[in-house]
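A, B, C and D label the chains in the order they appear, each numbered from 1.
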Amino acid sequence: MAWTRDEMAARAARELQDGFYVNLGIGIPTLVSNFIPEGMSVQLQSENGMLGMGPFPYEGEEDADLINAGKQTITALPTTSYFSSADSFGMIRGGHINLSILGAMQVAENGDLANWMIPGKMVKGMGGAMDLVAGVKRVVVVMEHVAKNKDGSESAKLLKACDLPLTGTRVVDMVITDLGVFTIDKRGEGGMRLIELAEGVTEADIRARTEADYTVALA
Amino acid sequence: MAWTRDEMAARAARELQDGFYVNLGIGIPTLVSNFIPEGMSVQLQSENGMLGMGPFPYEGEEDADLINAGKQTITALPTTSYFSSADSFGMIRGGHINLSILGAMQVAENGDLANWMIPGKMVKGMGGAMDLVAGVKRVVVVMEHVAKNKDGSESAKLLKACDLPLTGTRVVDMVITDLGVFTIDKRGEGGMRLIELAEGVTEADIRARTEADYTVALA
Amino acid sequence: MKKVHPDATDALAGLLRDGMTVMCGGFGLCGIPDALIEAVRASGVKGLTVVSNNAGIDGVGLGKLLETRQVARMISSYVGENREFARQFLAGELEIEFNPQGTLAERIRAGGAGVPAFFTKTGVGTKVAEGKEVREFDGEQYVMERSLFADLAIVHAHTGDTEGNLRYRKTARNFNPMMATAARVTVAEVENLVAPGTIDADDIHTPGIFIKRIVHVPAGEKRIEQRTVRKRAEAAPAGAGGGPV
Amino acid sequence: MKKVHPDATDALAGLLRDGMTVMCGGFGLCGIPDALIEAVRASGVKGLTVVSNNAGIDGVGLGKLLETRQVARMISSYVGENREFARQFLAGELEIEFNPQGTLAERIRAGGAGVPAFFTKTGVGTKVAEGKEVREFDGEQYVMERSLFADLAIVHAHTGDTEGNLRYRKTARNFNPMMATAARVTVAEVENLVAPGTIDADDIHTPGIFIKRIVHVPAGEKRIEQRTVRKRAEAAPAGAGGGPV
């Protein structure tokens, strides 16, 4: 047993607070918008120059001038504003976004994050990820607990130290995987702590699939 | 005989070219707008955040939200755009303004300019002058040739070196006074050249009232 | 999550403390947050460092806070339309740091955009560069300037929605947009308060993310510092650029 | 002083030369100056360094210039929606400099604003900071980044007037406004060309001073890279923030 993608997104949505401005990455993080509690005001930022991102358009109502950072067609809301990429990243780098939820290839126990390149493979670029993790106050990673290799074996993604090129150093505050939830004391020496287990997952399951050192502080 | 304020402004207007974007300082430079040749498109920039500055409003039509950098009420034109002070000085510092025409207390033969403070007197500040002279491609000073002191004596304003605190170093391209016109090779070693005399003014008149070294290259 | 407050005093409640740094929008008396300045005055907070391009005139704008001696230090580009300012300054009761206007605007913009320092050619070789790093890039000299970030910014806009999206009018924009981004808390007074969606999303000058509190202050008579007019008979100056080209 | 040109080829006449640096607006295929890209292709100019957030897709946008091998080097944040790009890159025929998207945007903005260098915390401790100065300000590490300035910028706007004042639409704004400021010559294609005064002066995103040449290119069908829709029956996601608060 482990959390589904939707359950991981729902868990990430519990990190939202009323009045938050949030940037959601591609993949599972995008699903978080489906779990914003009713009555809570959360404005989504899209780093290509938009605050107040709405849902996908109805078929036939797509607007080529209205896309998100994943280049998907989206819609506007009454709260929406548009701005340039320079203003958008001023907002990000200046610490005005409350929360960034994004995917990762690897996270280290000190909060280091790798999610943009694998040496030897075609590199597509970091896009806005380095700015987001450097600039946003609180960074939550949502990812599968382990990577599945082509030969069927598994590789740990929660590591003592990332071996892939970094996206940022000491930037991750929380990691939500299909197996549980960890916090990271990225500024201090508190390291990584396991604070929740997914339904049906044991601490031993996690221990077996985690290279990083962590303390256990289950509620 | 010497040029009047209007004649100095008219002479400065001959530095304008079709399509120029120009910033005019307070005083005589403001008068230059009265001498823009018919059919020539010249857009005036006001550094508080406006391009396309129009004339003073008719009485009763003043708008407190529409002022120039001298805090005077003005009007807009069909070409007008408004922007923030950061964008305005980005425009200035980025070299997008073709010409700045401004007053001065002192100009040195290498192009140094002093026009913002007199030690011992109440200092009001440099406003946008330092940004303008540093950022605008071509800087034309319009000023009286000499300063009149309280005791009736005169002090030279065109100097070997400014003794007042500088607004900018090697920034002035041309000086128009009531007595004549000088060019300055601000980037090179060409120094200052007298290129025109006001009607009825002799080279000897200028020599007597100029401390700076200059060569004579009258047309 | 309510941003709208009933009045200026309420909008500043809990935000003011002695010795804090406050950014104040406006150029001259144009686009100044007058009601919020009045509320700062009424609060009695003192020892303020005020970042503002100018310092108002006697009894108007920041002139109000000078009268009551609430300002200890100004960071400005141009002051002295103000007798009380001159008096306090000459008496050594008020400190002033002069910044070139563009450097001031850019320091604020940088503060809001997460840029701690930048280089500019403005002020190289002048008093402004004294004590600062000067460095050559591509054969030109530049001075390094640090960003500014305040405890509080107070700004004035023509229209705001309840989400905090703002729109300024004409040259009343000036320093307001950057200051809105460069403080721990930004409070905006707006002449017109509207529902979200009323301002076209392409026309918003300051996105609501930067605005924590808003107060609706319908425009009274705005003060004009230099009333300059032309006579009806007088033709428009020949040039001044106008018209389609 | 006429800025308006009859077509894209004419608008670029005399501006293109081999080995030049060109900034190209747009994010993905959104807000790209497609007619101007086509004219660059038709000109046959080669060895270009192109500054653009992305590199188009096969046969669309900058993909057109890749097909014809006119691009020698890209400065981008994200590429590779493009098979031909990948092929040339892996074959060593195309150089690429990756910049974090915000650093790219700010380098361009700095180039246009007369700021030769600035500090950012983006990329500290990563490959991006290698070989660059890293400095501490107030206890945090920052990397120094240099500005970008091009020989030519090509941008796309929704509306422009004959004076060069521009207005962008929705997220088609993206990199266009900064690029318009950061080149020796900027050429804009506009979907709608209007007389000066038609766009409200408070609504102008790019003042005409930055635009040297304009060409009217009525919008054809715009390409969409990722067409994502929801079904009519489906309710809007619970949150996504909407509505008055």
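Simple rule for what comes next: contacts are C-beta pairs under 8 Å (C-beta built on N, C-alpha and C of every residue); 3 or more make two chains touch, one makes a residue touch a chain.
Only a predicted model underlies this, so the values are computations on that prediction, with no experimental measurement involved.
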Between chain A and chain B, the fewest steps along chains that touch one another: 2
Number of hops, chain C to chain D, where each hop joins two touching chains: 1
Pair sharing more residue contacts (C-beta pairs) when A-D is set against B-D: A-D
Most distant chain from chain A by Cα centroid: B
Rounded Å distance between chain B and chain C, as computed from the means of their C-alpha atoms: 27
Rounded Å distance, chain A centre to chain C centre (Cα mean): 36
Interface hub residues of chain C, defined as touching at least two other chains: 1, 106, 109, 113-115, 120-121, 163, 168-170, 173, 195-196, 201-202, 205, 243-245
Touching two or more other chains - residue numbers and ranges from chain B: 41, 43, 52, 76-79, 82-83, 89-90, 92-93, 135
Pairwise chain contacts under the document criterion: A-C, A-D, B-C, B-D, C-D
Residue ranges of chain B touching chain C (in the complex, touch as defined): 33-38, 40-44, 46-50, 52-59, 61-68, 70-74, 76-79, 82-86, 88-90, 92-93, 112, 122-131, 134-135, 165-169
Touch list for chain C against partner chain A, complex: 1, 109, 111-115, 161, 163, 165, 181-182, 195-197, 201-202, 204, 207-210
Chain C contact footprint on chain D (complex, rising order): 1-3, 106, 110, 113-121, 137-138, 140, 142, 146, 162-163, 167-170, 173, 195-197, 201-203, 243-245
List of chain A residues in touch with chain C within their complex: 18-19, 21, 41, 43, 45, 51-52, 76-83, 89-97, 135
Of chain D, residues touching chain A in the complex: 27-31, 53, 76-81, 86, 89-90, 98, 100-106, 108-109, 120-128, 158, 168-178, 205, 222-232, 236-245
